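Labels for the chains are A, B, C and D, by order of writing; each one numbers its residues from 1.
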Amino acid sequence: MPEKPLNQRKFLQPEQLRELGLLLFILAIGLAVQLRNPVFLSISNITSLFTNTAILGILAVGMMLVLVTRGIDLSIGAIIAFTGMVTALTVARFPGLPPFVAILEGIIIGMVFGALSGILVARLDVLPIIATLGMMNVVRGLTYVVSGGQWVSSYQMSDGFKAIATGKLFGINNLIVIAIVVYIVAAYYIRHTRVGRRIYAVGSNPEAAEISGLPRRRLIFLAYLIMGGLSGLAGVLWVAKFASAQGNTAIGYELNVIAACILGGVSISGGVGRIFGLILGTVLLGILNNALPLINVSPFWQMGIQGLVILAAVITNVLVRRNTERDALRRRAI
Amino acid sequence: MSDVRKISIEKEWSWKGFFLQWEWLLVLVLIVVFLVNSLISPYFLTLSSLIQTPSTFLDKAFIVFPMTMVIILGRIDISVGSTVALSAVVMAVSYNAGVPMPVAMIICLLVGTIGGGLNGLLLTQFKELSHVIVTLASMIIYRGIAYIILGDQASGGFPDWYSFLGWGSIAGIPFILIVFAVAAVIFGLVLHKTRFGRSVYGMGFNSTTCEYSGLRTDRVTLIVFTLAGLMSAVTALFLTSRMGSTRPNVATGYELEVITMVALGGVSTSGGIGKIGGPILAVFIIGYLSYGMGLANIQAPVVLVVIGLLLIVSVLAMKFRVSPKKRKLAM
Amino acid sequence: GTKDDGVERHAFIFKNTGNPYGDKQMQGFADGIEEMGFEAITRAPDQPTAEAQIQIIEQLIAQKVDSISITGNDFDALQPALRKAMDAGIAILSADSAVNPESRITHINQADSEMIGRTLIQAAYDMAEGAGEIAVLSATSQASNQNLWIEWMKKELDENSGKYANLKLVRIAYGDDLRDKSVSETEGLLQSFPNLEVIIAPTTVGIAAAGRVITDRGLIGQIDVTGLGLPSEMAEYIENGSCPYMFLWNPIDVGYLTAYAAVAASRGELTGAAGEFFSAGRLGEFSVVKASDGGTEVLLGAPFKFEPSNIGEWKSVY
Amino acid sequence: MPKTLLELKNIVKTFPGVKALDGVQFNLHQGEIHGLMGENGAGKSTFIKIITGVYQPDGGEILLNGQPLRFSTPMDAQRHGVAAIYQHVTCYPDLSVTENIFMGHEKLRKVTRRIDWTRMHSEAQKLLNQLNAGFRSQIRMGDLSVARQQIVEIAKALSTEAKIVIMDEPTAALTQHESQELYRITESLRDHGVSIIFISHRLEDIERLADRITVFRDSRYIGTWQAGQINQNQLIVAMVGREITQMYPKHSKNPGDEVLRVENLTRTGYFRGVNFQVRRGEILALTGLVGAGRTEVCEAIFGIAPFDDGSIFLEGKQIQWSSPVDAQADGLAFLPEDRQKQGLILEWEIGKNITLPALKYFSNLFWMDPNREAKEAGRLASKLAVKAPSIFAKAATLSGGNQQKVVFAKLLIRNLKVIILDEPTKGVDIGAKAAIYEIIENLAAEGYAVILISSEMPEVLGMSDRIVVMKQGHVTAELITDQTSQEEILNAAMVAEVHHA
């Protein structure tokens, strides 16, 4: 170090601290569940936990990018339903279709809707919540319209298609593999590419971005496009996993995804969000869904408990952080 | 200083500015809705139908008032649907436990108020927390409590007079419409004519400045969220009356419907902008629109698409009506 | 009802849109009504809530239809709206999922609830070969017909405790008719009860989700799934053996029967008193009987058993 | 004849309702520092934004090296070697200092096109060291004080290796000491052949740095002079259109009883053992380097921030204000440091901004009285010479100095005992400054106690009765203005020993 830094080097950055708190919280919950039901930490249960959380996790990545630009996307549940329905209809019509073509189809359809939201938000300056709320209604309605109210059932889907979600690669379920790939690409993208960093810059201060000539609109558009693509991917995975496509698929799912992001430390006021935090947020939600049935909680209590745990998680976080900040101040030589 | 420049205190009135207000666009939309409806269904344009219809869609509209305030504050409250369910359930259960109905109704309002108040309290005590996560958590918790209380049961059997709330009329005008009008006047005055309303708008733009200027920002936040709870309970009263009984899963998804109305009403979710008239018009636009399409037996998905498009198109229409010269902050 | 243009109009309200089972009911209803030369209106809200159904009822009242048949989203909550319709001279029936006796002339029941409950337990007994743990995966904890069936299941177990001494009902889980929740509930059952033998799911989404999990995990033959489900949704699992057999009635017939009952009721030919008879086109004669909820009902018949031998011909029908 | 690098002719720019530039001309020589001066709202910042392509002019011509040219975006300008430090810091608070410096021209690895973090960090650190910044380039921008953010902005301009660097009031947030540092950097840039446009309201900046000076007034071009050709008075006349005979009003020094006293005020991590008192009719200057904790002390007094230990006495009675509401009710007013974030609601009209702290006075029971409001707001806006067509103009459309006057008007709307002013003349033009000094003096003369936080030495010496100097959260000296010197103050602010408790 050439110079003595004025600001003392902190042991942990605030975000890292936050994530540590969340991690401890997750471990505490995990331990509590494990004591009630030893099955919890078995390989098979952990596999099913991650398999069931993979789609949520994939969506959370896209939602994080959108939130980072100070936006929000409420249309993803509807896009999942629509892309799922359309790919399922395609697969039912052309059973020989290679699975990756189905995936591609889903991603492209999703990106079309993402692009529409993106144009509304980035080009036409419609507030994100309004644009995507409108899209949500339109896309959900269209899903019923294209399907004529019918479902596509598992017998109509080829085994290859269903294997997208049930097959394994290196002994790991495809969904988990896909999620891992998405996370690695996203981590690289937001940390090591110019465009990725610029998305953060735009969210951190849109006016500054404009004044320093970053392509603000294009970057925001891109965030919605990626979100749309990931929703399309999720739509295909969803339908392949549950082997059924119906009009009300994933209704209200956007709130789960947003909850995962915010639990993971993504700020709705833009500019902030880290991959590791996102993983923790997603896993916490996954555990809540997985663990409560395991420890024989009455179904009538499950909801209340889930809400309390989420609230407890965020409040503990705040308290831990306040405490450490107070300690840091105390250490500062004044 | 010697050369005191005179600064005008007369507000310039311009007809253009007056008619470029969002509300006029909504009035126009409402008229179009009326025209189209009377074309597609012969049952629509009768006086009794027009006056009676609002009772079919006004129940959730009570939440539109406080939600307008919440959104002007730059926040959002997604727990309102659950608050409706919880206060309805507690009311029904206490009535069936022997509490007289009027008292049970007061309990209902109390539960809603407390529910909203808790949101406000959490938000003011833990400023680091995002309003989305707080109200998301309480959305889950409040409905969770309703399930804990009532499980898979429904609860009802209210006295006969109670159904008057949702179904009764005074001089041919639905009671619910009268209450709605009164609430609209009260909320309109509070928001546009009082100190409190001014504070709400100020905080929507810049709550730091408001704090430095000595406004009781915490109190304003608390009151606004408490009002959201209270009005959710009012909705619970009317909704329960209309259904004659209640269950823990009533009013699911109300939050997004209410937010849609407020957004269509021209209230900006980034805070500070919007008037009470817009959301009120939006309530009637969406209400009459879906009622009219229902009269023509158009299926629900199509109605969804139409409402979604209406939201997007009207926002765009407004954009292109006023000159798109955007205000740039002085750098 | 008043008829502006002389054509009688009869309405059917299902729980929600985008449900093929409901579509079939509505289709059967429309077939029946049109067969008689009248106009059918079929409606469904986008969400399965009583609030939304109330709005539709009001719209139908304003249109002055002759009858409304409804698949209720709530047993009691529709009463005020339906009473208003009755006061306007509209005949009210419920079909498939009942509303309370005060707000209907009669109920068109797809099958006897008691019979369904008992049959499903017997099926589980059969699949578990007389002994083992069984669990129920239901829809929402609110669903009135599911809850009624589950009650009859419990009664069957209690009343024949000798026969079912070794059959243990370990848990009733709720998948809320959501795919993802039903799957994680099923997995929760598997993890919590390693000795589970049979899962009974009296709901289409639930039974298909259970079939999916059993298939994915390679548990075919170890754990059996049965219950009530759409043949199209269940075809794969019946064919691959994860569900040896299951039951359902024909929703088209439910709708068709409702149509005839509705027309009869709107003419005053059917008042809903037990012992009345009416004829229902191609389905023949039906009688009104007392229902367990204090009202009356019309029974379509016994549920149909779907098994590997017949699923092939049904899967493309509904 | 020096080479003309950049030339602008007849530039016109209109905003809705305001003509911000009216036929303005300007030329910049190779390797000079060109001072640009003018009152608040004269159009300086607008002019800069036209050069860099943030705004497009409505008329006129821009020549770079004799070639007509228009930049469509600031990025475009950057590619042509024009870099700007804008008046209001335009940083990305959530990103690191390194990224702030290189945003828009990131360093990429050759083949993979991924961001070369190692190189960016080390180059950023090099730039920071060059500027004697004293903090690491990895830290988050938002954690820095405004002054340090300003340094990062300079580093950013340097990183583009620009031929033309434009600085819009870079010293506004800096103390004397830091300004010296900036002078040094600016001069060394010039010596390396860079041309610099330097905007400032501080005469000493211009005196020290500028080779030539251009003055704008009321959106028009007034003239350009060689540094030696024009003296201070002439410059002021050019800018203001009249003479300002006396910058600092005559101060009648007869302080009354003590009004506010703080004893041993401590907030862990921010300040410790702070003691001072202020009397009726007295102006107490609170000075020190940026980051000394002056703002924090005053915020604690005002009830915005908490304190852990010590006590506050108002007119002899111990009080504790838990929020600004209570403090205001007892007659305390606070003019915050950051007028855009803490002082104003930019989207609101001037009038509504002015009455914000006193809504109670303008309401009967519940209802607001808009007429009374407008009258009072109009009176105050006129009194402070806010330059705007009407009180219904939006605060965002005002220039920096006029915005500050509006914030000042907000204080005067209430009945006061003690006024705390945190850097009230930061970025305010010389005419408005004189006006504000006069207001401060009038208030003191009327018997109010004034606490004036300031980093400007002439202001501190010219306005105050007593001076309290802070360093690293401690009071290092309390001086009588008439009996002290600039050296003594600077010594207390920079050199004095701080005893850590």
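Simple rule for what comes next: a contact is a pair of C-beta atoms (placed from the backbone, for glycine too) under 8 Å apart; a residue touches a chain by one contact, two chains touch by 3 or more.
On a predicted model such as this, the values are computed, not experimentally measured, just so you know.
Greatest Cα-centroid separation from chain C: which chain?
Following the centroid criterion, the farthest chain would be D.
For chain A versus chain C, what separation do you get between their C-alpha means, in angstrom?
Using C-alpha averages as centres, the distance is 36 Å.
Using the average of all C-alpha atoms in each chain as its centre, how far is it in Å between chain A and chain D?
Distance between chain centres, rounded to whole Å: 43 Å.
With chain centres taken as the means of their Cα atoms, state the distance from chain C to chain D in Å.
73
Find every residue in chain D that makes contact with two or more other chains and list them.
Touching at least two other chains: 54, 86, 90.
Two-or-more-chain contact residues of chain A, please, as numbers and ranges.
140, 143-144, 207, 211, 247, 300
Hunt down the residues of chain B that sit against at least two other chains at once, touch-wise.
Those would be 147, 151-152, 253, 299-301, 303-304, 329, 331.
Among line, ring, star, complete and other, which one matches the pattern of chain touches?
Contact map by chain: other.
Which residues of chain A touch chain C once you look at their complex with the stated criterion?
So the residues of chain A in touch with chain C come to 37, 39-40, 42, 44-45, 48, 52, 140, 143-144, 147, 149-151, 153-156, 166, 238, 241-244, 246-250, 289-290, 292-294, 296, 299-300.
Which bits of chain B are touching chain C when the two form their complex?
Checking each residue of chain B against chain C gives 41-43, 49, 53, 56-57, 59, 147, 151-152, 154, 156, 163, 166-167, 239, 241-253, 290-291, 294-295, 297, 299-301, 303-304.
Quick check: in the complex, which residue numbers of chain D touch chain B?
Listed in rising order, the residues are 16, 45, 49, 54, 86-88, 90, 242, 304, 323-325, 327-328, 334, 336, 340-348, 351-352, 356-357, 359-360, 363, 366-368, 374-375, 377-378, 381-383, 385-392, 394, 396-400, 403, 410, 434-435, 438.
Contact residues on chain B for chain D in the complex?
Residues in contact with chain D: 1, 3-12, 193-195, 198-199, 202, 205-206, 208-216, 272, 325, 327, 329-331.
Applying the document's contact rule, which stretches of chain B touch chain A when the two form their complex?
Listed in rising order, the residues of chain B that touch chain A are 76, 78, 122, 126, 128-130, 132-134, 136-145, 147-148, 151-152, 253, 256, 259-260, 263, 268-270, 299-309, 311-312, 315-316, 319, 326, 328-329, 331.
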